[in-house]
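For reference, the structures are reproduced in the following blocks.
Both complexes below contain chain A, partnered by chain B and then by chain C.
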Partner chain A sequence: MLAAFDFGVIGRNLPYLWEGMQLSLLLTGLSAFGSIVLGTILALMRLSGIKLFQWIGAVWVNFFRSLPLLLVIFWFYFLVPVVVQQQVDAFQSALIGFVLFEAAYYCEIMRSGILSISRGQAWAGYALGLRYSQTMRYIVLPQAFRNMLPILLTQTIILFQDTSLVFVVGLADFMTSAVNVAQRDSRLIELYVFAAFVYLVMCYFGSLYVKHLQQKMHR
Partner chain B sequence: MNYNWNWAILIEVPYFDWLVSGLGWTLLVSALGWIIAFSLGSLIGVIRTLPSKPLRLFGMAYVELFRNVPLLVQMFIWFYVLPELVGEDLGRWMKRDMPFPEATSAILCLGTYTASRVAEQVRAGIESIPRGQSMAGYAMGLTTKQVYRYLLIPVGYRIIVPPMTSEFLTIFKNSSLALTIGVAEVLYQARQIENYTFQGFEAFTAATLIYLVITMIVVFITDRVEAKARIPGYGVQGKT
Partner chain C sequence: MIDIQNVNKWFDDFHVLKNISMSVAKGEVIVVCGPSGSGKSTLIKCVNGLEPFQKGTITVNDVSVGAKDTNLPELRSHIGMVFQNFELFPHMTAMQNICLSQLKVLGRSQSEAQDRTNTLLDRVGLEGLGFKYSSELSGGQQQRVAIARALAMDPFAMLFDEPTSALDPEMINEVLEVMQELARDDGMTMMVVTHEMGFARRVADRVIFMDEGEIVEDANTDDFFGTPRSDRAQLFLSKILQH
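Our next item is the complex of A and B:
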């Protein structure tokens, strides 16, 4: 077995693996977008003066951060079809799970981003006669996003790695495609090493870009 | 939503025992993995702050390698790929005679992965100590070893107690990935109950409660440890 590595198996299955990678990237993109929006709303709730909103935000964050992502994926894979009473695509249920789960993490990033903007900025907005929603939209949130961009991107790289977990519900992302080829052609070593290499290169260069961004911002 | 509720299933034989044994495996895998993560992570974290350039480079390579590959891929590599790569005799032993091959692979995988995260915390802790302190140590005639032994490590570790507890919770949650290579931990058992009885709602609720309760217990204990470990006057860690 040792002598018989055949990395040609990767070349032969490249189109199939690429399809999987496209699904991984699509899932990452949609989940990141959804959970950043939801996370920002949760962060605003946690920072609002309204006790009930604060409580909902805090419970949401602490609840999802206590659970393994794998459990959340199983929950929604099982739960969504029961609730909506029809067959649901695994992609949709995974996407819902990712958005609700990752929102808890993005919420904490956005919360510290909003807290990093000095209070005077919001007061200046109010003094100019802006409403709360306008102050947030035009003054506080744009600056908070800018400050937090590197951390948001780092979390998105983690999210990209996490999407490999959809393997457990059989959704054909990059990881699942690699496993499928590995098992069909009995080429476990080649495929798993290749998968590790691809993730390593993508995430490493992603994190280098984040570092570059951070240095640019601190200048 | 038509669904046949049957909460009693959770305390029926054998499903209750399945959950209990699942919890046992989860705790065992997390705890043993944490021992590896803590010791290896401390070593690599310290290495990353040493004056020696090759050692620092090695530490950095370790962290980047383990941090940039999804844990699931690492799990498969430990379990499926490594026995093929370590030579025939050791490989055969790993596949046939190694006790609990799945759990052992999972523990090694979680331990080495979490070590890369622990290393980053240790490094951050040591680097957060003002330079003047280690300079003062050297000025007093301490060797590098003594500076670490009496100054940087005792202070650094007290600073990083809060992030370390969250790393422990991370390894506890990540231990659920062991089910992909067949370790019968909590989530594996919950799924098994769903497959046998179609009572997925009850089974996953049970798993959720188990994770929530353990997290709460760990947070309760570590809050007290954090209060004890806090260095007076060293910033406002953990509070905003």
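Our next item is the complex of A and C:
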């Protein structure tokens, strides 16, 4: 039975699949960076004393959390070229979509991170003459990041899995590359098993690392 | 130096400060005491604008704390504050804690700030401990770092909000001694919220007794401990001085 399978197809296409993986990792890294920055700004807006900012932050979060990611990716693929009036490559439009979408989730993580820092810490900063921005930058946010690091990483692992959705806009990430090989060589089962195995291993070890980090922090 | 006139503050419906008027002259040490919930911690946080108040005026060195156009960060940089829970920044060493505002607010150079920090650490009896994180220091040591951090800004007045309440008994004196030196040797203007009546008796020029958001008694130290005029202050003293 197993003789009917040809796993050699994976070895022969490894360079092509690796290229896809590099794109997946690049997209994950850039999206995570952009959406953590944007999410932190949104979290500060939600926690600010200014009604308008609170409203913008809340609308953003609720809006993107109510949409399927697939729709957002499609949307930006067709929308961004119209807005900027020129051809935009699929990678850029996917990146924008991911950053705006994931920022909603990172925002809520950072918001609880900031709320986990006692009010007295900010008071101590203000009492020394630091401004709001300095107090956030030097005192509150570094501690919030530290406390939330395991959850931020977990969200990034989810983001890594989600990048496989760029399949729909034909971007050659790892998943799309696997599908391409599978269809060209009619080796669907081999390639889908391999793709599942790769995602499983990477995400499993990612989660183990998060767990290790959590234990280290609680010590 | 610090002048508080008819200050009223509400937390929603709760009237936490009722018509508070008092002042602290330059070089004076004032102890504010009273039962918990009497509003004394809230009052001291109003002095540097950490807590807003709805009515009345507070001026520090002739600058109005509550006015809209006041540059609060600038004013606060001249008023040192020490908190009940120390509030050292746990992700920084003692040295970094004391240097931060010197670098970011006063614009001192790194070496200048470090020299000043070392001098201050010596002064509060923590020579050579600048590399420690707050989690590696005892409560008394943490509070002394916090005092050094406030002094690094060369403040013209110091506010102490129950500086020894979170300390184990054997560490209270090391903190009180630093405060006492500050009052005696530097002639620092100090407003101290505390239950340490021994400290009040030794160091304070005046004692203010608060209860239920009001100032019940404002007297010279000797008069306060000799013959408190109000029943409430007498009752408070009899309870607190028994042990």
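The working rule: the second predicted complex is superposed on the first by the 216 of 219 C-alpha atoms of A that agree within 3 Å, B and C clash if a C-alpha of one lies under 4 Å from a C-alpha of the other, contacts with A are read in each partner's own complex, and residues count from 1 in each chain.
Rule of thumb we're sticking to: a contact is a pair of C-beta atoms (placed from the backbone, for glycine too) under 8 Å apart; a residue touches a chain by one contact, two chains touch by 3 or more.
On a predicted model such as this, the values are computed, not experimentally measured, just so you know.
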(message) Quick check on the chain A-based superposition: chain B and chain C, clash or fit?
(response) fit
(message) In the superposed model, which partner reaches more residues of chain A, chain B or chain C?
(response) B
(request) With the two complexes superposed on chain A, say which partner A:Leu14 touches: chain B (first), chain C (second), both, or neither. (result) neither
(message) Output check: A:Phe74 vs chain B and chain C. Expected answer is one of first, second, both, neither. What do you get?
(response) first
(message) Taking the superposition on A as described, I'd like to know which of chain B and chain C A:Val37 touches: first, second, both or neither.
(response) neither
(request) With the two complexes superposed on chain A, say which partner A:Gln161 touches: chain B (first), chain C (second), both, or neither. (result) first
(message) Let me test your reading of the model: by the given contact rule, A:Leu213 touches which partner, first (chain B), second (chain C), both or neither?
(response) neither
(message) Could you work out the angle between chain B and chain C as seen from chain A, using CA centres and rounding to the nearest 10 degrees?
(response) 110
(request) Classify the contacts of A:Val193 with the two partner chains as first (chain B alone), second (chain C alone), both, or neither. (result) first
(request) Once the structures are superposed on A, label A:Val59 by its partner contacts, choosing first (chain B), second (chain C), both or neither. (result) neither
(request) Name the contact category of A:Met175: first (chain B only), second (chain C only), both, or neither. (result) first
(request) Please work out how little space separates the C-alpha atoms of chain B and chain C at their nearest point after superposition, in whole Å. (result) 19
(message) Using the superposition on chain A as set up above, list the residues of chain A that contact both chain B and chain C.
(response) none
(message) Quick check on the complex: what are the chain C residues that touch chain A?
(response) 45, 48, 50, 72-74, 76-81, 83, 85, 87-91, 100-101, 104-105, 146, 149-150, 153
(request) Report the residues of chain B in contact with chain A in the complex, numbered from low to high. (result) 1, 3, 64-65, 67-74, 76-77, 80-81, 84-85, 88, 169, 173-177, 179-180, 187, 190-191, 194, 200-201, 204, 207-208, 211-212, 215-216, 240
(message) Under the stated contact criterion, what part of chain A meets chain B in this complex?
(response) 1-2, 63, 66-71, 74-75, 78-79, 82-83, 85, 112, 115, 161-162, 164-165, 167-168, 175, 179, 188-189, 192-193, 195-196, 199-200, 203-204, 207
(message) If we count contacts the way the header does, which residues on chain A are in touch with chain C in the complex?
(response) 118, 120-121, 123-124, 126-131, 134, 138-139, 142-143, 146
